[in-house]
Amino acid sequence: MNDVVILFFLLGLAAGLVRSELKLPSSLYETLSIFLLLTIGIKGGEGLATQALGPLLPQLGAVMLLGVALTLIAFAILRTVGRFPRTDAASIAAHYGSVSVATFAVGANWLLARGISYEPQVAVFLTVMEVPGIMVGILLARGLGKKTDWKGLAHETFLGKGVFLLMGGMAIGWAAGPEGLAPVKALFYDLFKGALALFLLEMGLIVSSQLSGFRQRGVFMIAFGLLMPVLSALLGLGCGVMLGLSVGGATLLATLAASASYIAVPAAMRLALPEANPTLSLAAVLGVSFPFNILAGIPLYHWLASQIVGAAP
Amino acid sequence: MTLQLEKRTVLTVITEAAMEKTMLRDLKQLGVRGYTVLDARGQGSRGVRDAAWGEAANIRIEVICTRALAETVLQDFLIRYYDNYAMVAFLQDVEIVRPDKF
Amino acid sequence: MTLQLEKRTVLTVITEAAMEKTMLRDLKQLGVRGYTVLDARGQGSRGVRDAAWGEAANIRIEVICTRALAETVLQDFLIRYYDNYAMVAFLQDVEIVRPDKF
Amino acid sequence: MTLQLEKRTVLTVITEAAMEKTMLRDLKQLGVRGYTVLDARGQGSRGVRDAAWGEAANIRIEVICTRALAETVLQDFLIRYYDNYAMVAFLQDVEIVRPDKF
Amino acid sequence: MNDVVILFFLLGLAAGLVRSELKLPSSLYETLSIFLLLTIGIKGGEGLATQALGPLLPQLGAVMLLGVALTLIAFAILRTVGRFPRTDAASIAAHYGSVSVATFAVGANWLLARGISYEPQVAVFLTVMEVPGIMVGILLARGLGKKTDWKGLAHETFLGKGVFLLMGGMAIGWAAGPEGLAPVKALFYDLFKGALALFLLEMGLIVSSQLSGFRQRGVFMIAFGLLMPVLSALLGLGCGVMLGLSVGGATLLATLAASASYIAVPAAMRLALPEANPTLSLAAVLGVSFPFNILAGIPLYHWLASQIVGAAP
Amino acid sequence: MNDVVILFFLLGLAAGLVRSELKLPSSLYETLSIFLLLTIGIKGGEGLATQALGPLLPQLGAVMLLGVALTLIAFAILRTVGRFPRTDAASIAAHYGSVSVATFAVGANWLLARGISYEPQVAVFLTVMEVPGIMVGILLARGLGKKTDWKGLAHETFLGKGVFLLMGGMAIGWAAGPEGLAPVKALFYDLFKGALALFLLEMGLIVSSQLSGFRQRGVFMIAFGLLMPVLSALLGLGCGVMLGLSVGGATLLATLAASASYIAVPAAMRLALPEANPTLSLAAVLGVSFPFNILAGIPLYHWLASQIVGAAP
C-alpha cells in the first residue's frame, strides 16, 4: 500500500489542502495523460500480439454487459435511496458505470510492483468499458427520444482522446510486437512509473479542489462514493472468475469496475445532459472513490480476488 | 487616402472550455464568418474555473459581425446555454476596415 | 422575445503576473462578483515583459461591473499599485444581458 | 479625489503568429509606446488557424494610444499586410487614467 | 519499413483523418523539436570531435551547391511544366531546395536500427543545407533589387531556432566529447527514439491538416511532391559518391536532398515573399513529400545508394 | 569546470546575446524547475532516511543564523559603500541572504561528477536558508511596524512552490527509502543531469535578458555581485567547518551561502517592498553572481574547502 506513486498523490493532496502555491502547467498534465494512455495501450497491444484474439470477443461482450449492469445498479440506488432527480441520478450513474484510466494505471502498477501478472486483454477491457456507462446514462435520463445527438456523441466517445490513444497504442503495440517496440521502451516503459508519480501529484491537487462539492448532499455522496466501488468490485470479481481470469487479471477487472470516470464521462454529460449538476458527481468520483480505490481499494480487491480465484474450481 | 471606418459589433463570450467545439459549430450555423478564441481562467457565479485540468478551464470567444447577427447569436446562446453552463456574454461597438469581411 | 440589453462597464488591467493573487483578492474585497484572467506579454514604460520565466510575464484581468464599481476599483488600484508595478488600466462601455449578474 | 478619465483608442490586431516580431518592430517605428500580446486561435477568410504548430497559430495585439496614432498604424498595416496575411483589425474607444503614458 | 516510429506517424495521420479529438499541447511539440534539434547537433558534434575538420570545408561547399542546384531545378520545373507565377514557383522551389530535420531524424533512425553507420558530418550538412534554398528562392522571385531585407533575413536564418540549436548542439557535442557527454546521454540519447515517435505522432496530425491545400492544382502538386524528391535524391546520391561517402552517408545525403523544409522556409517566405501562396507549398511538402520520404523514400534511397556506392570504384 | 551542463548555460547565454530566436516554452521551464526541486528533495530525503535526525536541529539553527548574518552584512555594505536607499539595500540584501536552487544543483552535480560525497542534510539546509533573508530584509526596510502582512508572507514562503516541493520531495524520499524509490529512479535520478542541462540553457537566456539592468549603478553592482558571493562562501565554509561537515558538504554549504535567490525572494520583495527597484537586484544576482558561482565559484569554494577542512583538527 505504501507504493511510492501513492506518496506523490498524498503530496498533491496536501498541497491543495494547505493552499500551497503549487500548480503544474496544464500542458504537463496533458502530456502526462497522453503518455499514460499511449503506454497502457502499447503494453496491452504488445501482450495481445503473442496470443490468439479469438476468445477476446465474448470477453469484451461480458465486460460491456458488466458496465451496463453497474450503471443500472448505481442509477437504482441513486433514485431510490438517494432520491436524486432523474437526470442527476443518470449522470452520476454514468460516471460509476464507466472507468478511470488513472485508477487502472495505479492498479496495474500495484500488481507489477508485487510481481503479479495479469492478462494483456485487461487493457482492452479498459477501452471498451469507457462506453456503456455513457450510453446507458443518457438513455436513463432521456429515454429513446430523438433529442440526443447520438452521432455526435459516438464521435466524441470513440474518437475522443482517451479511447483513441488507448486503441492507437494497442494497434502500435500489436503491430510492432516486443522486438519492434524495443527502441521506444526507454521512453514509454522505463519512465512509466515516474510519469505516473507526477500524474498522481496533479491528481492530488485536482482531488483537493473538488472537496468543496460536498456542501450539497455530502453525507450521502460520501457513503455512495465508498460503497458503490466495493459493490462494483465484487461484480467485477464475479465477472473475472466467470471469464477464467488469473488473480491479477481479476483484481484489475475488479479495479476497473470499482473505478469511476472523471474525464470522458463528465465531458459527455456536460454536452448530453447539461442540466445535470457536474459538481456533485465530480466530488464523489474524485473526492471519495478515486482516493479510496488507490489507497485502500486495490489491496482489498486483490485480497478478495486471491480468495475467490484460488477457491474457484 | 483616408481610412474608411465602419461600425460593427463585437460579441464576447466567456465560457467553459468543454463547450468550444459545440459553440464554434453553432456560430457557423448562425452565419458567423470568423471568430477568435483565447484560453482563459476566471471566477463567477459558478465558482472558480482555473485548472491545469482542461475540464475546469475557460475560453473567451470573440466574434466581430453586424449588430443584428451579434444579437441573434447572443439570443440563441442565452436560450441554449445560459442556464446550464458557466457563461458570460457582452456586446461592444467597434470600428473596422474592410466591411465586406464581417 | 427581444434581447434586454443593459449597459455596464468593463475594467481591463494589464499587469505583472506576480500580482495575480493579490489583485484578485482585492477585487473580491471591493465587491466584484466575477473576473476573467488571460496570460499576456507586452511592453510599456517599464520595459519588455515577455519571458518563459513567470516573474517577467504579464496577465490581463477583465472585470464587468457597474460604472461606479469599476471606477472605485480603478481608483483603488491606482493608489495602491500604479507607482510601483508595471500596470495599465482602462474602462470601456459594454452591453450585457442578465443584469443581476454584474 | 475623483478619477481623471481621458479618452484614448485601443487598436486590436488579430494576425499570424509568424508576424509578431515584424509587427512589433513596425509599431515602435510608428511611435507606439506600449502594446500587449496574447496567443490566440481562430478562423476567418483564410481558413482555420489553430495548431500545436506555431506556424499556424494566431496572436492578438492590443495597442492603446491616441485616435490619430491608432488610425496611422491601422492605415499602415492595411497597406503593408492586409492583402497577404491572415489579419483582422478594429478600433474601440476606451477611457484611461495617466494620459501621459499613451 | 515498419519501424515503430512510423507507426506513430500513421496513428497521428489516422487521428487527423477521422477527425479525432486528439491534440498535443503546443508546448510539447515545441519541446520535442528543441530536443530533437539539440540531440542531432550533439551527436554530430560528438562524431566530429574524433576526426580532423580539414576535409569538411570543401564538402560543405559541395552540399551548398547541391542545395542551390535543387532550388533552380525545382523552379524551372514549376515555371515550365507547372506554369506557376514567378513568386509561387520561387517559394515552392525554396522549400524543396532546403531540408527537413524530421525527415533527417527518421532517416538516421532507419540506418541506426539496421546497424548502418554514417559520417558524423552529415549533421553539419543538414545545418548548411537549410540556407541556400531560402536565398536562391528570394533571388529568383525578386532579383538582386534592394527591396529584400537581406540583413534581417540572414538574422532570421542563422539565428533562427533550428540552425541555432543544431549548431549549438554541435558545439556542445564537439567540446564535451564522448566522455563529457556521458552524464546527459540518459536524456538526449536513450530517449531520442521515443521522442521521435511522439514527434511523428504530431507530424501525422499536421500532415492531415494540410491535405485540404490540394483543392487548387492538386494533381500537379501531388506529382511534383512525389517526383521532385526522387530526382533530388538521385542528385544527392551523386554528390555523396563524389564526396566519397559510405552507403549510410550517401543514403542520408540523398534523404536530405529529397526532403523539403516545412518550418524554416515557410517562415522565411512569409516574410520575404508574402504574396506567395503558403497553402500550396505546405500541402505538397507535408501532404506528399514528407510522408513519401519517410514511408517509401528512405528505403529506396538506401537501396539505390548500396547499388551505386558499391559499384563506384 | 568544463562540465557539460555548463556548456548548455553558455549556449543559452550566447543565444540571448546574439538575439537568436531561441525561446523555450514557459511550461517547459516550469516543468524542469518542478522536476529539479522534487528530485533534490527526494535525494536529500533518501539520504536522511539512513541516519539519525537528532543532530540535524542544531545544524539547521546554525545555517539559519548564517542566512541572517549574510543579509545583515550585505545590507551594511550596500548602505555604507553603495549608498543605496534603505529599501533598495534591504531588498538586494535579502536576495543575497537567501539561496538559489539552480546554483545548488550545479554544485551538487559538480561534486557528483568528481565522486565527492556530501552530507544529505545539505538539501535541508537549502530549504531552511530560503527564509531568513526574506524576513530580515523586510525588517531592515520596514522595522517591526504593523504594515507588513507577515501572515501572508509566511504563507507565500513556506507554501510557495519552491519550499513546498523541496520539503515534499524530502518527505517522499524519507518515507520511501532507497528501495521504495527504485521504480521512479529512471525518471528522477537518471534524467537529472539532462534536465539540469536544459534548465541551464533557459538560465542562460534569462541571464542575458537581465544584463540591461546594469545601466544604473553598473560598476558597483558588478563588483558587489562578484565579491559578496566570495565573502559569503568564506562564512559558509567557516560554518561548515564548525558543523563538522566533509569537504563536499562544506563546499556545498559555501555554495549555498554564495548563491543568491532569483525566484522566491524577488517575488516576496515585489509584494512586501514594492518600491524597491527589482531590476537592480536581478541584474546583480542573475547577471553576475549566478554565472560567477557556476563558472568559477564552485571550483574555488571546493579548493578552499579542501584546504580548510583538511587542515581543521
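Note that the chains take the letters A, B, C, D, E and F in the order they are written out, and that residue 1 is the start of every chain.
Going forward, a contact is a pair of C-beta atoms (placed from the backbone, for glycine too) under 8 Å apart; a residue touches a chain by one contact, two chains touch by 3 or more.
Being a predicted model, the structure only gives us computed values, none of them experimental.
Hopping across touching chains, the smallest step count from chain C to chain F is 1. Residues touching across the chain A and chain F pair largely diverge in numbering: under half of the numbers involved belong to both copies. Looking at A-B alongside B-D, one finds more C-beta pairs in contact between the chains of B-D.
Per-chain Cα centroids separate chain D from chain E by 35 Å.
Inter-chain spacing, taken between the CA centroids of chain C and chain D, is 19 Å. Mean C-alpha position of chain A lies 40 Å from that of chain C.
For chain B, the set of residues touching two or more other chains reads 38-39, 92.
The multi-chain contact residues of chain A, meaning those touching 2 or more other chains, are 23-28, 30. Every pair of chains in contact is given here: A-B, A-E, A-F, B-C, B-D, C-D, C-F, D-E, E-F. Touching chain B in their complex are the following residues of chain A: 23-26, 28-30, 202, 205-206, 209, 212, 263, 266-267, 270-271, 274-275, 279. Considering their complex, residues 25-27, 30-31, 34, 155-156, 159-161, 164-165, 168, 171-172, 175-176, 180-181, 183-188 of chain A touch chain E. The part of chain B that touches chain A in the complex is made up of residues 16, 18-19, 22, 47, 51-57, 81, 83-85.
Those residues of chain A lying in contact with chain F across their complex are 2-5, 7-8, 11, 14-15, 18-28, 109, 113, 190-191, 193-195, 197-198. The residues of chain B lying in touch with chain D in their complex are 1, 3, 5, 8, 10, 24, 33-39, 64, 92-98, 101.
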